[in-house]
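One structure, as structure tokens, below. Some questions next.
Which chain is which? They are A, B, C, D, E, F, G and H, in the order written, and residues in each are numbered from 1.
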Amino acid sequence: MDQARLLQLLEQVRSGALGVEDAVERMRHLPYEDLGFAKLDHHRALRHGMPEVIFGKGKSPEQILEIATRLLERSPNLLATRIDPATAVLIRERVPQAEYFPLSGAVRVWRDRTVHGKGLIGVACAGTSDIPIAEEARITAEVMGNEVDEVHDIGVAGIHRLINNRERLARARVLVVCAGMEGALPSVIGGMVSCPVIAVPTSVGYGASFHGLAALLGMLNSCASNVAVVNIDNGFGAGYVASLINRL
Amino acid sequence: MDQARLLQLLEQVRSGALGVEDAVERMRHLPYEDLGFAKLDHHRALRHGMPEVIFGKGKSPEQILEIATRLLERSPNLLATRIDPATAVLIRERVPQAEYFPLSGAVRVWRDRTVHGKGLIGVACAGTSDIPIAEEARITAEVMGNEVDEVHDIGVAGIHRLINNRERLARARVLVVCAGMEGALPSVIGGMVSCPVIAVPTSVGYGASFHGLAALLGMLNSCASNVAVVNIDNGFGAGYVASLINRL
Amino acid sequence: MDQARLLQLLEQVRSGALGVEDAVERMRHLPYEDLGFAKLDHHRALRHGMPEVIFGKGKSPEQILEIATRLLERSPNLLATRIDPATAVLIRERVPQAEYFPLSGAVRVWRDRTVHGKGLIGVACAGTSDIPIAEEARITAEVMGNEVDEVHDIGVAGIHRLINNRERLARARVLVVCAGMEGALPSVIGGMVSCPVIAVPTSVGYGASFHGLAALLGMLNSCASNVAVVNIDNGFGAGYVASLINRL
Amino acid sequence: MDQARLLQLLEQVRSGALGVEDAVERMRHLPYEDLGFAKLDHHRALRHGMPEVIFGKGKSPEQILEIATRLLERSPNLLATRIDPATAVLIRERVPQAEYFPLSGAVRVWRDRTVHGKGLIGVACAGTSDIPIAEEARITAEVMGNEVDEVHDIGVAGIHRLINNRERLARARVLVVCAGMEGALPSVIGGMVSCPVIAVPTSVGYGASFHGLAALLGMLNSCASNVAVVNIDNGFGAGYVASLINRL
Amino acid sequence: MDQARLLQLLEQVRSGALGVEDAVERMRHLPYEDLGFAKLDHHRALRHGMPEVIFGKGKSPEQILEIATRLLERSPNLLATRIDPATAVLIRERVPQAEYFPLSGAVRVWRDRTVHGKGLIGVACAGTSDIPIAEEARITAEVMGNEVDEVHDIGVAGIHRLINNRERLARARVLVVCAGMEGALPSVIGGMVSCPVIAVPTSVGYGASFHGLAALLGMLNSCASNVAVVNIDNGFGAGYVASLINRL
Amino acid sequence: MDQARLLQLLEQVRSGALGVEDAVERMRHLPYEDLGFAKLDHHRALRHGMPEVIFGKGKSPEQILEIATRLLERSPNLLATRIDPATAVLIRERVPQAEYFPLSGAVRVWRDRTVHGKGLIGVACAGTSDIPIAEEARITAEVMGNEVDEVHDIGVAGIHRLINNRERLARARVLVVCAGMEGALPSVIGGMVSCPVIAVPTSVGYGASFHGLAALLGMLNSCASNVAVVNIDNGFGAGYVASLINRL
Amino acid sequence: MDQARLLQLLEQVRSGALGVEDAVERMRHLPYEDLGFAKLDHHRALRHGMPEVIFGKGKSPEQILEIATRLLERSPNLLATRIDPATAVLIRERVPQAEYFPLSGAVRVWRDRTVHGKGLIGVACAGTSDIPIAEEARITAEVMGNEVDEVHDIGVAGIHRLINNRERLARARVLVVCAGMEGALPSVIGGMVSCPVIAVPTSVGYGASFHGLAALLGMLNSCASNVAVVNIDNGFGAGYVASLINRL
Amino acid sequence: MDQARLLQLLEQVRSGALGVEDAVERMRHLPYEDLGFAKLDHHRALRHGMPEVIFGKGKSPEQILEIATRLLERSPNLLATRIDPATAVLIRERVPQAEYFPLSGAVRVWRDRTVHGKGLIGVACAGTSDIPIAEEARITAEVMGNEVDEVHDIGVAGIHRLINNRERLARARVLVVCAGMEGALPSVIGGMVSCPVIAVPTSVGYGASFHGLAALLGMLNSCASNVAVVNIDNGFGAGYVASLINRL
């Protein structure tokens, strides 16, 4: 609750400008907008520096379009993830500035490009197949106002490639590291740098990868102490947390 | 590798002060000390601002004592986790300044109390039984140079207690949130604050909690986007990551 | 077994109106009707106040149509769940009053709208993607004779939206609460109200949600004591149990 | 939040009897008592008709004793679960009216025996080894003001025993059914009665029972629609939910 | 190894009719035929009273056709399971007597209808959706020379339907019982009859049925002692084991 | 239900020797005896040829002793499984003829040694550590009236040992095969014999044996079609099913 | 790092032919080529005797074609696995010598057929459905310079077929053994031969095979000590490890 | 079967020196010795170059002692694993040359120290807590006739320690790599060397390590192609496979 507004309200009650019942009623009226099927939270932009993000899976194209339109009325930027190509076309018809990223399925409107982050966010991934998740993390971090440096294909089985990128990784203020299969990359990078590492297990792999479970468990058991983990394939969440950290 | 030292080395090669073979040999000589059963990494203090931490489980009392002694020769502070009471007595006999925390099994030597963190680290836990894990997080954050505010017993089933602590939580620059059972606390707190939240699932619960699996999965699937997760019962890791973030 | 009918039978034996062998035979003749591939239980309408419900998955369109027709001969209302659109068209051709709900795939014939429930059943869901399951619960509760109030998109990460709906939730005599991802909503609502809460984990999510397992485990480990759980995506079951409770 | 108290507060603000800052402060002062390690919620007695219950596992004897004492100062009754015998002795020394139930480890103070439930709660269990869980359910339901009828050893492999108890089960307004191993009892009973059934999987079994997982999955997949499930071995939760239902 | 043939061989060695090397060579020549991609075991017909069965999944139509042709050259009967409709058409073009069962996907050639079983094999299933698996069991038992009685839709939630079929079930010398969801039917039937029960968990269900895992665990933990279990959806295996038992 | 007794009852009703209400009452009076904590089923001896078996785990010594005494009053033989040594001493004090088998924890009273089985039951186990489970199977089969031949330590990694025992195995009318670790023995034996094989996975192993899960899954996926499976470590169940089969 | 090249570099530094900064820069320049989305490791050919292998899943046809072209510029041979038919056509258009293996989806360019292996690599599989995985192992071993002998359809349920192939298996210097379902073949073969066995669990099976988990666990728990395991369906990895062993 | 001995046997049959029945009998007499509870395989020494190894878990001290004595009568060396200290004392009383290794629980008699391996076996472990498993691998490899070099505490989070040991690792002809927690060490080492790597997941860790499952899955999904895996904590198996490879 907004303490300033509460004080103001109570002042109005004291002054008699506002009746008691009305005050109770207003205190209940929080700043979200109701579309029926989804309650939009325009104030999140204030709290986290970012409008509500649309998670496309399980929503109809119409719902996505409707939410996007409402959000864009109040916010210069927009991020929608896991959008299929057909829905992306619909969005771009209505919002021509929207970019579509087919690897990750992200849609982004990036009109306000102010930089809020104090340093560089590094995004690294282990293999070519992890790029869609790394991309989702990068796009998220960018639209939240960060400079991002993305490095690909530095998996642990070619340790020299990784070590060659050491200084580049060390320049980051916070790192997002994506890996499937055994998910060892965050542990190794974690031991090489001194900044926080947000690890993203990806569902890349087959057989005993169990759709990313192997990588997830590996990252949770990292022997590097500077590693925290988000959900399998959750590039968005990693970019989000990294952005909040980089703003500190 | 330390670039400055490498440059210096190469200068010596150029000047002839150092032979080529010797240079190769020295470049291989990295700054860790070998005890035979454990290689101590005194430089980690420089990289992460903290000496290597002793994880007590699976080590003999003699090994723990030996490692502790060596580490304390080069570092004012020490943290050892999951230490049983008998070993704690042994350590305190040799190192009288050591504190023992029986709930979490942590041993701490805290001679250098310089504050490195730029703000407050909040540590919250859902129930009384989660306190040992919260304590481990707090002790870690303190010994790494942070001011910590610890709040207990604000589980989500008593939402008014949680909301009453909202401002206190909002004062933190980064939050550690520990919860067992359904592990919902980080999601709810995550939605209330704008800072990064490091979630720690605990093994508190029974039956279908499956030793913390339920809480772990819950936190990984958090609908709040500012949440990252560490291993079950890993209060140490959460305190560590939070400290790195708070130093930024 | 129907005690009254048994007494009557035995009276007939005593009076000699019925032979002993015949009596044994009749006692075996229970009131269900045999279609060969499915035995219909018309008496369930008496026991639970509802005709047998058709679970569409794994049944052929012909089987569904045949069962529906038979059930409607003896019961004014009908509920069929998980019906694909093509089969729904077939049903509506034969039974024009049938409604089809494409989100949840439910088909309903609701000719007898008598209210049997003593109060209001509340149905809440965490996110837009959970609406199909909430809908299935609502439809079930309605066809079983209840007034239902359905609230959407009040997930725990926006705790103010949830608290804003507190009084509305508190009006319910029993609540159905649907949530995917971390499944925390029933715990939070459970702590806010004093009525029983039937929690429905949904398969909404990805990665470590493991098709609803995370939400299921979360709800089973709820720290609110007034929560009981049904199967993943089982909106029907939740509406059913809530109806039985509301009839008490 | 208590609306009446809020209105009163605002009236005081209007009349000038209370300053604005003070009003904000009081609005934050919710009715729970803080012991440092545990926040007691004396108002839950009002909300759910029962004082907060002490879950003994993971708490020290001193903590349990302290919480029990505080709760008993404001409530005539007390329930503590999973208490080991030594702690039970401590409690009984301080509170002589306390009963101890060694099978389930429950401690109960039952000074106010007012009946709140409108009907009978039935508690059934499948085998002798499930009795401790059934007992926990019964004790909970009793202390919450219900008449309880407990039936033992009516597992599904002896279907005639079960059918012989049919009328006894049918007398209940709500049923708690506990079973380990394959956990089939709630399905069979669910099909025999018309009231809601709260199913409790128990950890009774070995091998592929996986500590109650088999029974839990069985109950969640019950083909009887009037079944809802609580956590493995959670007799307390089942008794609690049944009590809330029986009070309707 | 065939002892008679071995004795004969050795006699030939003794008599000098067969050289030593040749004898070694022949002893290695066991009676199976090699198609390159599959080794056919025509002698299994002698051992188990049934030719090798073709499991269609993962084999190409050509492979299936080739194996079927070879087997039919030496055996009057044939069973192929999990055959898709297109391949079934191919088989029926070449072997007009072949029957196709689209529910289960079985193909059967049943030219020799000699009865080998000493009694009746009962096949029961819990719900309409379990019929394909029951059918596979029946077809297998029939082609192996048994009389089969198949009963549908007698799930445990309608216990009176089940009890009504008690005598019919009791007539069987061995029972195959198929059930999905909670898989409780074999336990209940097991307690009602005195013959061996072969339980088949089916993948019928959704959510926490986890593709038949719930039913499988339930059956393995059956409290009836006369129950043994085969793989999920393995109607064939159940029919096979039941046939071997019925031949004793 | 006992049809003869039912006919007799109805005759008494017809003749007026028995009132209608009394008849209903008697029909409800099934032949089990109620000890309060356990309902004994003396008629199971008639149905399955064996008195109810006492599963010792989770029962107190007093309960076990009480049940054993009651059962022995009506049955010459008794089997109790998973009995700890102290309880075994108690039983043997009261029932001197009782044997105790410390490997498996079985207690057996075997006064009536009539042979009911038509052939030999073979019991095989893979390794020395599987012997306790094999012993439980043998003891069960013996007390149910069978001749048993037990073979040890013929695991699949020493295939020549297994083949050397081929004829011995082939003499059995039904086989019980126990194996831990990878649980491959039933598959290999299944392919060598033509009789039904009851497979018992044991919890022998470590690491990825996951307490018998590996063996259980292996046996359920056996490529030999004559294999059915019971619960992990369930030697009793295997001996029971084998006995029923051998009686056919 | 290449020690010879490092010595040479340092010599140049000593001689003044290379400046210090330049030396640091060159030391960072490791021999891999960067395509942007994938870093090619041409030196792996030197280390493992094989160029980098293309894992096709999750890569676009364009990416695969681009990597293949680059690799073939420096290496006579190429292996790509899990390639769909359409992409295979594209590759063969550009590289006419490429073979496509539709069962396993492998593409191979095999211009240099020098034999590096010292003996024979045996590849065995249990059933017809395991052939694609065995094929992947064979193709890999061949392109890495080995003679391979592939045996099909010798599953453990037909132990005589397996024993008949004993000498053929015994000729191998190292064996790759593929099996789905219960995965017992490596244990049995392991006990028959004295060479190392690389076991490949396949996803062949259904129900409780859980996509190869049953076979995987079985192989990890093999009672034969000469067995090591690779991922489910990882024929490539098995052929690779076998090749490295055969080169020793 | 031993072909030479078979030929000899058949010659005797031909010459009449041996009767036919006797020949059959002898062919059945394979060279293992039967102790009743365990069949010893003295010929395995010939096949694998090592006597049968005693796995201590689940065997009684008497059984272990008896097997050890028998094995030592025919073999100079002995290995017993997972032996508790008390049993070790018993063995050393009878066999004074026996060594006991308390970390791993191994007992070894190493009288014949002939070296059979052609090169060096390297054994590496990630952390101090993994040493017991590495020790078991080393002891096994030594008693099987290999030179072993064991390196400790080179986990991936301190990549410079690992790289410093690169040449030492590269000297090995085959490597055994043990790691718990995330189990990433074999992947990283695998990419650094060109020899086969036998990976041993250890149960070191807590929480989401799930007793070694995380490390096991990580190793099975290794992105390095030269890695094969054995069971969790199976140092013995890894040493065994490595020995067989090193003998090639």
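To be clear about the criterion, contacts are C-beta pairs under 8 Å (C-beta built on N, C-alpha and C of every residue); 3 or more make two chains touch, one makes a residue touch a chain.
Everything quoted here is computed from the prediction, not taken from an experiment.
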Inset, instruction - Treat touching chains as neighbours and tell me the shortest step distance from chain F to chain H. - result: 1
Legend entry - Contact-graph separation of chain C and chain F, given in steps at minimum: 1
Inset, instruction - Taking all residue numbers used at the chain E/chain H interface, answer same if over half belong to both copies and different if under half do. - result: same
Inset, instruction - With contacts defined as at the top, give the pair, A-H or G-H, that has more of them. - result: A-H
Inset, instruction - Please flag the chain sitting at the greatest distance from chain F, going by CA centroids. - result: A
Legend entry - Averaged-CA centre spacing for the pair chain H and chain B, given as whole angstrom: 38
Legend entry - Centre-to-centre distance between chain E and chain A (centres being mean Cα positions), rounded to whole Å: 53
Legend entry - Where chain C and chain D are represented by their mean Cα positions, the distance between them in whole Å: 25
Legend entry - Where chain A touches two or more other chains at once, by residue number: 1, 3, 127, 158, 207-209, 213, 216, 220-221, 225, 231-232
Inset, instruction - Go ahead and list every pair of chains that touch. - result: A-B, A-C, A-D, A-G, A-H, B-C, B-D, B-G, B-H, C-D, C-E, C-F, D-E, D-F, E-F, E-G, E-H, F-G, F-H, G-H
Legend entry - Residue numbers on chain H that touch chain F, as the complex places them: 1, 28, 30, 32, 36-39, 41, 44, 55, 57-59, 63, 201, 203, 211-213, 216, 231-234
Inset, instruction - Within their complex, state which residues of chain H touch chain E. - result: 3, 6-7, 10-11, 13-14, 16, 20-21, 23-24
Inset, instruction - Over in the complex, which chain A residues touch chain G? Could you list them? - result: 127-129, 131, 152-154, 158, 160-161, 164, 204, 206-209
Legend entry - chain H residues within the chain G interface of the complex: 47-49, 53, 118-119, 173-174, 193-196, 198, 216, 220-221, 225-232, 236-238, 240-241, 244-246, 248
Inset, instruction - State the interface residues of chain G toward chain F in the complex, per the touch definition above. - result: 126-127, 155-159, 163, 180-184, 187-188, 190-192, 205, 207-210, 213-215, 217-225
